[in-house]
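Dropping a structure here in structure tokens format, bear with me for questions.
Chain lettering (A, B, C and D) follows the sequence in which the chains are written, and residue indices restart at 1 in each chain.
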């Protein structure tokens, strides 16, 4: 035969195997270490005074460095959210769960957080929530030291206070 | 040559290259470089019309890793922006093209991405085609050794010559405070280092590392106000070749030769007139191949910074060459200055075996009047 | 732009969930061959190649443009590779335009592609990045909260998302290249599972294999070509930082500024009146009304009313995504260039069964990142 | 800023991929697997290319006539690995990567030489060593390696 077989091999299969070696960086490491002490740290912009949680090396808004770390309250307001009904590969999270944007009191940007201890349909934009920490001795200085946020039972924040704050 | 806009490098900042920065993530290394480069030019962020960056997701294994850079480059209010998945020197070339199109007058060009987070032999294997070449396990050191073997066979270049070329780089790097390797090494020392992948010895390889780079470009009229001695871009060109290693003559670099010819022709100078030639050669054989493409021989004009053999943060190495050329022409090269440098060549490359090559020709004088 | 630039060739692949019949070079060549044939050119006529795609992790090949250079006739030519997240197809085409506008290149081939079937997008795009919060549930989980905020702000009723999805699919039935072409009903959408409340399954984009290529050229070349070109009146790419206090992901500043820059440069004073059709990047149905507002086709809070009235359907005032858009075809890296290419086809009068009558001006748009990258062009049948 | 302990994390990123081959690459690989034959294609500007791609990397032109080449050839470049990279390299060191111009081909092919690397030079003649029947899966590694020709 003066040609290769008519029927091609369909695929070349491979598993890519790449080792990576990460560091958190001092700014993020400081934030994560503080979680162990049940403290949430923010960083203050040296120019405009805005507070970023988790801390950033610089304010993306003013382009000025952040220089000062300050402790932020572990409670705030759900500014918006979604209810997730599909499992995420590689994540051990029970569905459905609420993924929310939470504006912590005193912070100028929101964090992503899970809302639990209430039914997904009871979550509201404007709902006041607080952090639920892992028990003492189990916190390891990572994001999961805050297990989730739960409703505080306080009255909701007024609509105009969060509607344009995501 | 049609008349083009005169564009100059007017600012440059580079984080000293280190093996591994354990205190900062890539964007945190970049932030102070952008601040310094702008401070160098005496301008605020709002004075810059355009930003363009170069990096590659696989270097540190973070898909969309470049998005984080927007938070440290002053991207508020929103800015005209582009990101190339390439060595950032190619981003500088694109900024120049954009200035030729009349779409901007000033630009910052950033390069970043921590080499230390990944393992380059593994990562760069993935640049090869996934059907025939990558499955063999070829990495950058192996492909470079294939090229070196072909070059040495054609030209009769000896191991000793490679050692001498490497030693010249290492000697120069001693005077560069941003270099990763600043320990002097002689040809004798390097010739005694063990084989990495023969014919390349460990002492001939470029050590990767962490850095971040920012270059500022400006057109005539603005450049003079931002820099006392701007480095004018007189010519520039880049060319890629087909990848398949076995279908190229690896003993030479056809793409480098063509790009160099075009860039020099645009600049209206010959390579011999260059006082400084900064080459992104990651081993001495590559340096010799590139010099051959330029039509010049080895000399102390080549890599006064010590070149990649004294620090190779890949995806930034090319932009650092451009920055080094600027330092020399602007009189800011400090201890590694080449006296009275007036013309410089800066080179960048991507891919295996010098697959893609970019040459800038810079001068202390404007090209078009 | 220093000199006029036109689209003189458009080519795209048949898009589907898995183009198992083609290698990666085969896929990009299917699009590039068609674009060149369309332009009456050959690989040898091309001065430079500008390629775009989303993260290399999708296919497991780093900087694949390097091995594709030979497949695109780019040997010994200039080539660049663009990556600006989801907007990349559009920003890539605009980078090609810059090449021609500079006067240094006359004919530039630009190609954008994705072959999502080679890997697993969900794995490739949401690895557990170190030291970052472990919650973002894919792109849907990221964007759904902003859809909810839009709904809360504007009173957008719950039937708007499904209406957008149904219309997109209806449009795709007239586009031979589209990935999803089976008609669906409002009830189908309402009955589909809610994945990321408020986003339902049938309000999301598919995962596709596909490529698109354009030939952009100088005026002289455009006048020589076999067909009527699409003239690029203006195009811009803008980005904004992520963690800006008060940043509005519902209607990002970068999108507004980019649109205004395009309209100003193109001499458009009233986009609603002067633009006949738009191809915009709508990966989740709710984004259609959001972008109609962001792009200035109506006042804030009025976007959903355009959908509610049906004014964005074929044959009505402003047909949106006549091709079916991203909701029916989503080879990520190519999606933005498909929007720009489809806009060009409309003003060339060559969009076939999904042609909008009388399309003189068309807008092509894409976005990416955390709604941070915006890239768009306005094309016209008139120079 | 007061000092804070460095936080490190080592990960191995592992993803499976299935690359569709298309007709040309697929048939070339089928030739290795089923016929133990090495096929090239004659394309514009390059002559007989092995392995083939279905287009010319010289000018982008399509097509190519199938040409069988010999499993023997001559080394045109050689790189001897003295320290194998775990998880990447196919053999323990020392082994060699080579470019081999097979008899009947106009371009060379990248491959590996497992044994006898001390004898390898540019110009050395080598021959393909096939993987056993059950181990050939339609991969470039169906040629297990090359060896110095006897």
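Note that in this section a residue touches a chain if its C-beta (ideal position, glycine included) is under 8 Å from a C-beta of that chain, and two chains touch if they have at least 3 such contacts.
All values derive from a computational prediction rather than experimental measurement.
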Touching subunit A and also subunit B, the following chains: C, D
Intercentroid distance (Cα basis), subunit D paired with subunit B, Å: 30
Distance between chain centroids, defined by C-alpha means - subunit C, subunit D (Å): 38
Euclidean distance of C-alpha centroids - subunit A vs subunit D, Å: 45
Sequence positions of subunit D contacting 2 or more other chains: 6-9, 11, 13, 15-23, 25, 29, 53, 57-58, 87, 139
For subunit C, residues contacting two or more additional chains: 20, 23-24, 57, 59-60, 69-70, 74-75, 123-124, 127, 130-131, 241-244
Contacts with 2+ other chains: residues of subunit B: 22-23, 58, 61, 70-71, 75-76, 122-123, 126, 130-131, 133-135, 242-244
Graph class of chain-chain contacts, one of line, ring, star, complete, other: complete
Subunit D-facing residues of subunit A, complex: 1-24, 26, 28-30, 32-33, 69, 141
Residue ranges of subunit D in contact with subunit A within the complex: 1, 4-23, 25-31, 33-35, 37, 39, 66, 68, 87, 137-139
List of subunit A residues in touch with subunit B within their complex: 12, 14, 16-28, 56-58, 60-61, 63, 65
Interface residues, subunit D side, partner subunit B - complex: 6, 8, 11, 13, 17, 19, 21, 25, 29, 46, 49-51, 53, 57-58, 76-83, 85, 87-90, 97-101, 107-112, 122, 139-141
Subunit A-touching residues of subunit C, taken from the complex the two chains share: 20, 60, 122-123, 126-128, 130-138, 140-141, 144-149, 152-153, 193-199, 241-250
